[in-house]
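Next up, some structures in structure tokens.
Okay, so chain A shows up in both of these, paired with chain B first and chain C after.
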Partner chain A sequence: MPNILPSIRGSVMTIALRDAREQLRDRFLFWATLALVVASTASLVTGAIALHSDAATYAAARDQLLALGKDAAAIAAPEFYPLKLMRGMIEQVEIMGAVIALVAGYRAAAAERGRQTLALILTRPLPHWAYRLAKIIGGMGLAAVSLGIVIIATAILLPVVSGIGLGTDDALRLALTWAAGVFYLTVLFTLGFGLSLWARSPASGLIAAFALWILVVLVAPQIGDTMDPDNQVAGGVFAQLSVPKAEQDRIKAGFAGYETFRNGIEVASVTKHFERFTFAILGIKDTYTGAPVDKVLAEKRGDLLFLFLFSLGLGGLVLLRPINPDRLTKES
Partner chain B sequence: MPSSNSAVSTHGLGISYGDAVALHPLTLDVQKGEVFGFLGHNGAGKTTTIRLLTTLLEPTTGSARVAGHDIISDPLKVRAAIGYLPENVRLYDRFTTRENLMFFARLSGLEKPADAVHETLDFLNITELADRRVGTFSKGMRQRVGLAQAILHRPDVLFLDEPTSGLDPMGVRQLREIIDRLNAAGMTIFMNTHLLSEVARSCTSIGVLAQGRLVFRDTMQVVAARYDEHSLEELYVGVAAGHSEVAA
Partner chain C sequence: MTPSRLLARQSLAGLMRDRSVLILVAFFAAMVMVTAWLGWSATNTVNAIYADAAQYLAGAGQPVPSNPVGQSAPLAVLRNLGVYISLIGTFGAIVIGQLLIEADRRAGTLPLLGTRPFARRDYALGKMRALGVATGAMMAVAGLISVATLFTIPSLVVRSADLARLGLFLILGWAYITTFGLVALGAAARMPATASGLISASVVWLVVTFVLPELTANIHPTASINPVSTLAATPDSAFFRVTSTLLGPVSLSEAFAWLSGDLLSFLPDGLAPRGPVPPLVTLPLALLLAFLFALRSAAKLDLTAGGPDA
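After this line comes the complex of A and B, so read on.
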């Protein structure tokens, strides 16, 4: 027997790297990333077509005005911020990326249980939590690579469809989007992994993970969104009624308790935080379009922090909860 | 009391899940260099015992030492000193034998994992399987690779859970020869099995577990001397059903 116990860091890296190698051979990640790239590209092209159509409509209207001898300033030129075209990509990551991450987490647990390799690893000289940490790090690495490919592919295509090159400021915004996305996907990977590891059968764990995801990520924010009266009328109820800002604030103050409750439901969703942050940093949300990065970061750091702390908290929970030794195989 | 020559010693080791007792307090001593055959019906508690001794499970009563280390206070040292082959292990089927073994060698903290893999492949006469993917292997070949991962780090005690399960007669014979060679090299072997013929041929001592209780424990030498009028099968059926007067 060896005289020196292996270092925990070495064992964690050994397990995480083995997972990465297996994913490359398995091709699940390849096809999932490709599907995400195709879906994101399709969204980008669709957005670009809509934008070109707006531009053409504006040009035609402007030409008509000029032909009539009027001032073209009478109509507003369509705004053009290329990063806004990434809305579709963000939405694909929110839904499709989440499904892929949940399934990847399930596969990380199910494969080890099905092959009985879980028992072999857990009888090696490393603490059991180190195994779970290694799997989460492996999942985070896969999310980073997969999302990195999607963002790079979209960023390469963006100047082609928009006709405008991206600057360093845009690159920084994309890097922040990538970071937020990695945390978001890690949360879902960890959820799928943890539940599939603990459940009587990994398939039950996956079903539970999906149910939880649909409830917290899709249903709850939708309820919160629907409860917002401002969302019930196109352009906002106050804007449609031409209510002045001071009056808006006075009315809102009367519903402070309701608004806290409604917002609480909405922000319980990790997806909502991911969306709020990325929509702001990429300027997709009009309020933040063209705003400097530092200003957006100052206002939206809470969402980024939530993503970070949520992934940390969920990861911590998975590390703390021991594996049931009666559930080392696929069917227990 | 465990002696300094004990490879596995348990004192009142047991586990319960609520009111359900999976293993009644078990007191057992397996000496270094023994090939211990652990017999019992399905659900008797054999796998639970191995899971306790390999630190996969924590006992609710009693204590145990494996290779001189306490399973509760020193689980990492226990794990460094043991090898384990569960029943029906499949390994990483997209990886080759060598890749599988390198992975487990690194996890065992071996300083020269490649050398250990080479030596183990050579010892088990499976060098020709080194660069083939495990997913393409028969049950017998897979079992030998499984055994390779269990002995890579030359453990003091090797735990085998139903190692002959699903093997053809040739596979059983090859496995028996390997067990003999490992034992000759000084390794203590703790083996759960259903196959009485294997016990008779390979084991130096046996224990019989019935409904979570050890109902028989003796050396094969004594068994052969005391029960020469019975077949081993009759002895097993008798003690497992509680019909024979035996020393536990």
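After this line comes the complex of A and C, so read on.
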């Protein structure tokens, strides 16, 4: 007897593609991507303008020194690495991208519950986990396309605002940033989807997801950032005190316990791991500026692994937790 | 009892039964509790670093600069309070604002309310009164916890003038979060789809908090939620001079951050507010505009619609 039932893989792909088509049809993907592109390019352009302003200030100071017959080496020339201008884009993905992913996850659950199609789908010969897997794959695809467009748009704009073209090494760094970003956004999508699927009403799930977003994406990194002594003083406390590097390290060693606690709060957030990895791979963090990709990958393997395992763990949790039969509709 | 007061009481009773609202308020209260400790701990660490560095510089025969923190004002330990009000407090206000309309719509009570002998304006005013009381209660909780923690931290001498400044700061915090709550309330009244008010008001809040500071002063999103980093001068360039002049008056999060720094005594010396309009004007003006938007939207709400499947 021929097998008339669809395979699980086929069903999963059908549901994932249907979700993608729906996101395209109601223009959610368009507006979400556009919002992220606008926020990211605004960051890029304002960053470039501020850098041009610094360069002009340096040039004026240097000219003045030379006119006075003094050595221009007395003032430090601003260093310029185009990928550093991506900092604002990364931070917009961290915060705005995360919200968009949460809302997309909410919509993936709310649409099915609101139209009463969730109960209908579950009458099909399809395991519940396969349905949830299809939704997560659909969300991952959405994140991949949306983030891909954002990164391509900013990469096209970068040479225009910086005057320096990007090489293959830069393209590789951007590709790794994209991959890490897709995992990060998938985590947020899964969170929004899972909570909106399990909650009494999808809107309650969205509120809970937003509250977790505030805690994980904003508050935890913010506490760590605020506790950083260098962020208590404009320009950094050691720079203000003009203390040499060796002495800085000695002083910092005396605050190891404080620093461990501060770092512990930061690394509890998946956002911080995404930020640390991308800041290193793009050379935004000074200690990694110009470092070869393989060296950065070796040193930041832990952050990438955390992102991967966290998304896997959260995805697994959503797959394992059964759908409550009493919560198949919009209001339960 | 006036109809608007009756509606406000009924709405507040509903809010107090809502678990999402209670969890958010508890979360807000918990963060207010750790605020003072965070500020105190960070200041202590910088002071200790300064003492260590000063000893080294003096030993090396180099000039010892003055302590760059120099925050002796007791209220400065509460510098994170403004950030938590603008993040958790504002989100709480947005949730409350949209729930005040959406709860009636989903429960199907709108048509019932429509049969009662009161004007739609009373309905709108009742909902806005409930929002104002709820956000006021959040600020009262923040005030009580802040005062209690200020008095428990050793070595802080709190004067009555400090408490007056804290009181004024909390009133402005109330105005700030209520503005976004009113936007959510108005948006929920205008858009019947589930969670539309929540999502649209959140978009406005995100743009105000994370996009406008980049345009006015190149302040990146993570810096914009750091109470010290966000208080940076406008970059010296023609572009930022124009954008800060044009967008400064609507950059409410920067206005609130500046007022926080000023009232809690951690504003860098000589730092001017963003744009030509003082923040003490822009915040109340924003509240007024949000009030008019919410009043108009809620007064035009379709009272015949509603129900779980709406």
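Simple rule for what comes next: the second predicted complex is superposed on the first by the 289 of 332 C-alpha atoms of A that agree within 3 Å, B and C clash if a C-alpha of one lies under 4 Å from a C-alpha of the other, contacts with A are read in each partner's own complex, and residues count from 1 in each chain.
Operating definition for what follows: a contact is a pair of C-beta atoms (placed from the backbone, for glycine too) under 8 Å apart; a residue touches a chain by one contact, two chains touch by 3 or more.
This one's a predicted model, so the numbers in the text were calculated from it and none came from an experiment.
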Which of chain B and chain C A:Pro202 touches, first, second, both or neither: second
Which partner reaches more residues of chain A (counting touched residues only), chain B or chain C: C
Touching partner for A:Thr14 - first (chain B), second (chain C), both, neither: first
Touching partner for A:Val219 - first (chain B), second (chain C), both, neither: second
Which superposed partner A:Leu68 touches (first chain B, second chain C, both, neither): neither
Which of chain B and chain C A:Glu94 touches, first, second, both or neither: second
First, second, both or neither for A:Thr57, with chain B first and chain C second: second
First (chain B), second (chain C), both or neither touched by A:Val243: second
Chain B versus chain C as contact partner of A:Arg25, first or second or both or neither: first
Touched partner set for A:Gly114, first chain B, second chain C, both or neither: both
Residues of chain A that lie at the interface with chain B and also at the interface with chain C: 114
Of chain B, residues touching chain A in the complex: 51, 54-57, 67, 76-77, 79-82, 84, 86, 88-95, 103-104, 106-111, 149, 153-156
Touch list for chain A against partner chain C, complex: 35, 39, 42-43, 46-47, 49-50, 52-53, 57, 87-88, 91-92, 94-96, 99, 103, 106, 110, 114, 201-204, 206-208, 210-211, 214-215, 218-219, 221-223, 225-227, 229, 231-234, 237-238, 240-243, 247, 251, 254-255, 258, 275, 330-331
Chain C residues touching chain A - in the complex, by the definition given at the top: 19-20, 23-24, 27, 31, 34, 38, 41-43, 45-46, 48-50, 52-54, 56-57, 62, 65, 68-69, 80, 83-84, 87-88, 91, 95, 102, 106, 194-195, 198-199, 202-203, 206, 210-211, 214-215, 218, 220-222, 225-229, 232, 235-237, 239-240, 268, 308-309
Chain B contact footprint on chain A (complex, rising order): 1-2, 4-7, 10-11, 14-15, 18, 21-22, 25-26, 114-117, 119-127, 325, 328
